[in-house]
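Take a look at the structures listed below.
Consider the two complexes below, in which chain A is the common component and chain B and chain C are the respective partners.
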Partner chain A sequence: MMTEFEWPWEYTFPPFFTLQPHEETRNQQIKVWSDLFLRYLKYLNKFQVNINENTFPLFNNDAIKRRLSPETITVILEQLQRTGHAAPLDKRRIEWQVYSYTLEEYANMVYDWIQQTGQLNTICTLYEIASGENSEGTEFHGVDEAVLLNAFRTLENKGKCEVVQLDDSFGIKFF
Partner chain B sequence: MGSLFSKSKKQSRVTEHDKAVLRLKQQRDKLKQYQKRIELQLEKDRELARKCLQTGRRDRAKLLLRKKKFQETQLSNADKQLENLEKMTADLEFAQVELQVIEGLKQGNVALKKVHDLMDINEIEKIMDETREGVEKQQEIDAILSGALSEEDEENVLAELDALAAEEATSSLPEVPAEDLPEPEANEMVEDATLTAEIDADAPKKKRKNLSEQDKKVLVEA
Partner chain C sequence: MRRRAGLGAIQQQQLAAEKYKDKGSDIQESQFEQMSKQMEVFRLKLEEFAVKHKTDIRKNSQFRKQFQEMCAAIGVDPLATGKGFWSVLGMGDFYYELSVQVVEVCLAANHKTGGLMELNELRRRLIAARGQSAVHQEITNEDILMAAKKLSIFGNGFAVYKVGKGKYMVQSIPGELSMDETKILTAASNTEKGYVTLKMLTEELGWSDFRAKQSLDKTVSEGLCWVDEQDEENSHLSYWFPSLFPGRYAQSI
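And now, the complex of A and B:
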């Protein structure tokens, strides 16, 4: 896991850091950026970004002295939002939640796992799903609890689980 | 799945029991997190103690190791508590399962009772009577129908039966021998017998046999 992250060639290509005026080129550029966002954040196991985070290597390539402007970052994140891989966390759209799988995919993964491990109708803590020993080796192990919680909200709407808050943490019961 | 629609959406399906289990599990998570933290701390302290030794600060190293030892005992305490918690959680969960089993049995019992209520003994007797009557009626009908048929067929049937019986009777008789009786041989035997009478001890027997055969022949001719 901790092998060096492989940057795409575009990362060392200065124009890549500026939104291109030509529509087709720009679409292609945004697509490459979105993929790179997801890949890099997954590599770091990071689920939250701040568009003003200047020194974050994803936004800033020191070697070629190029940086993504917050506006460009917002454009990319909005694209990710359209595909279900990101959501703003505040009204000013500065903090964003980003996830390599969509919430629906996470929800299904966890639900399948719960079913396979016979944990239906049993209440679980959010922590044990996200970081417990039992979930080790699953794709959702180590996922940000806030992301999982949002995923479970979608399941809850379908009546497949119920989220309860107890004190400062959450429990989920699957049905 | 039926329960999904029958229950109103607002009613929570998380019971007080679930909450109790959840609380235990939360405690367990906290203990686990605590253990992780302590383990990290232990590792760090060990490293630090080694460094202190290398730089010659023996007392500091000793202090660190003492702290480490203390934390290790805490860790094992945490382990024990964790065990207790897990046991408690398992007990609670199992109790819930047992409850469900009992509930299931209860419902099964109710259902069985309902079915039994539906099955009134008198009614069953009535049904059985009716069935019996039906069978009798059917037999009657059969009798009538087969009777109607036999009116003309009965004679044929009887005739066929007689023919079959006759056939059977003839076939059971022993077969008539196809070949003729060996007459000349018998005469030879008589001559032989007179010739060999003195020598052969068996001769008288043979003679007698031949004689009897001759007698038979006489009888047949007669």
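And now, the complex of A and C:
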């Protein structure tokens, strides 16, 4: 049983759902929203959002009848993109991938784990890393495979691993 | 037969007048001397009293309040002099310490409150920040007001505004609240959740639409309040003060 999510006080503050006109206030607002996005999605273990998903509690506080407009959601996601915590999945920027650690952080975590467990130079499947028994208890266990794959792509660019296509999945060899 | 005034009589009169004058100044002098003595005695007694009850004054907020009222009644400010006999009290220290804590607490919350904090909340935060022992817990709103007011000597970065009956807002950002802003703040503090609408200002304060809009825009542009465009009950526009929003300190302490 999951413990109940702790919303920040701002979530009950009605103007929190209106993008603020004053710059300083808006910056503060977006910062609180960004933190809340990451914290809430991590809590749900959710890695993908759609800006039109208007019944999603993160975007919509029923109790006070306030919701984020898709435009405001986009502003927040763009901020998360700047800090390396989100990326749009389509050209119209409707679907987004969001992750509480940056891709680089995930890549480093996995790489350290591979090193510590002596799995360098062998092929691991994406499934093994993301959901296998061996990775239980690590921060990247249970992370969306698509997110991890993107993380390995950054590692591949540095020459520290190679991603190979298996039948219907991926395998990764680290060096 | 009436005697006509002669030279001798005039001289005598002058002499008498002079004697009266001398006597008068004599009396005045002795009165002054007596007063000085009395003041000296009083000062000594007050000092004795202060020394004797030093710990009570520092520890007991009720006692401190009464002592301060007594000082105010005779026109003495125990905080004004750091040196001299008042320093035996350490009263100054108490308030200096409190002032510094007021600054710390306010500045730490500025980004959330927009630089305004209600006095009761400030007290709660101060108590939380001051530690567990009873001496630290016993601070009254009067103590905080006194400490906060002392801060105004550093310029306009710190100020205390009275909004409504017994309600105070402590401002901790540079700049002064205008009369209109203080009125808006007062109106908002009279609502349960700390917001105002254009209509409230025009109806309750008799302002023109233009004046209300202008003042509200200014308040927003200073970061003191937030705009809510989804308020259906108030034709999709209301202005909220995080510093007055009760939901905020329900969680953050």
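Here, the second predicted complex is superposed on the first by the 174 of 175 C-alpha atoms of A that agree within 3 Å, B and C clash if a C-alpha of one lies under 4 Å from a C-alpha of the other, contacts with A are read in each partner's own complex, and residues count from 1 in each chain.
To be clear about the criterion, a residue touches a chain if its C-beta (ideal position, glycine included) is under 8 Å from a C-beta of that chain, and two chains touch if they have at least 3 such contacts.
Model, not experiment: these values are computed from the prediction.
Answer with clash or fit: chain B and chain C placed together on chain A by superposition.
On the shared chain A, the partners fit.
Per the contact definition in the header, classify A:Asp90: touching chain B only (first), chain C only (second), both, or neither.
Neither partner.
Output check: A:His22 vs chain B and chain C. Expected answer is one of first, second, both, neither. What do you get?
second
A:Glu128 in the overlay: touching chain B, chain C, both, or neither? Say first, second, both or neither.
Only chain B; A:Glu128 stays clear of chain C.
Can A:Lys173 be said to touch chain B (first), chain C (second), both, or neither?
In the superposed model, A:Lys173 contacts chain B only, not chain C.
Can A:Glu136 be said to touch chain B (first), chain C (second), both, or neither?
Neither: A:Glu136 stays clear of chain B and chain C.
Who does A:Glu162 touch here: chain B (first), chain C (second), both, or neither?
In the superposition, A:Glu162 touches chain B alone.
Touching A:Glu71 in the superposition: chain B (first), chain C (second), both, neither?
neither
Which holds for A:Pro8: it touches chain B only (first), chain C only (second), both, or neither?
Only chain C; A:Pro8 stays clear of chain B.
Shortest C-alpha to C-alpha distance from chain B to chain C once the two structures are superposed, in angstrom?
Comparing every C-alpha of chain B with every C-alpha of chain C, the smallest gap is 39 Å.
Enumerate the contact residues on chain A facing chain C in the complex.
8-9, 12-18, 20-22, 24-25, 28-29, 65-67
Show which residues of chain A lie in contact with chain B when the two form their complex.
Spelled out, the residues of chain A in touch with chain B are 122-125, 127-128, 132, 159, 162, 164, 166-167, 169, 171, 173, 175.
Considering the complex alone, what residue numbers of chain B touch chain A?
Within the complex, chain B touches chain A at residues 4, 9, 12-14, 18-19, 21-23, 25-26, 28-29, 32-33, 93.
Which positions of chain C touch chain A when the two form their complex?
111-112, 114, 195, 220-223, 226-232, 238-240, 242, 245, 247-252
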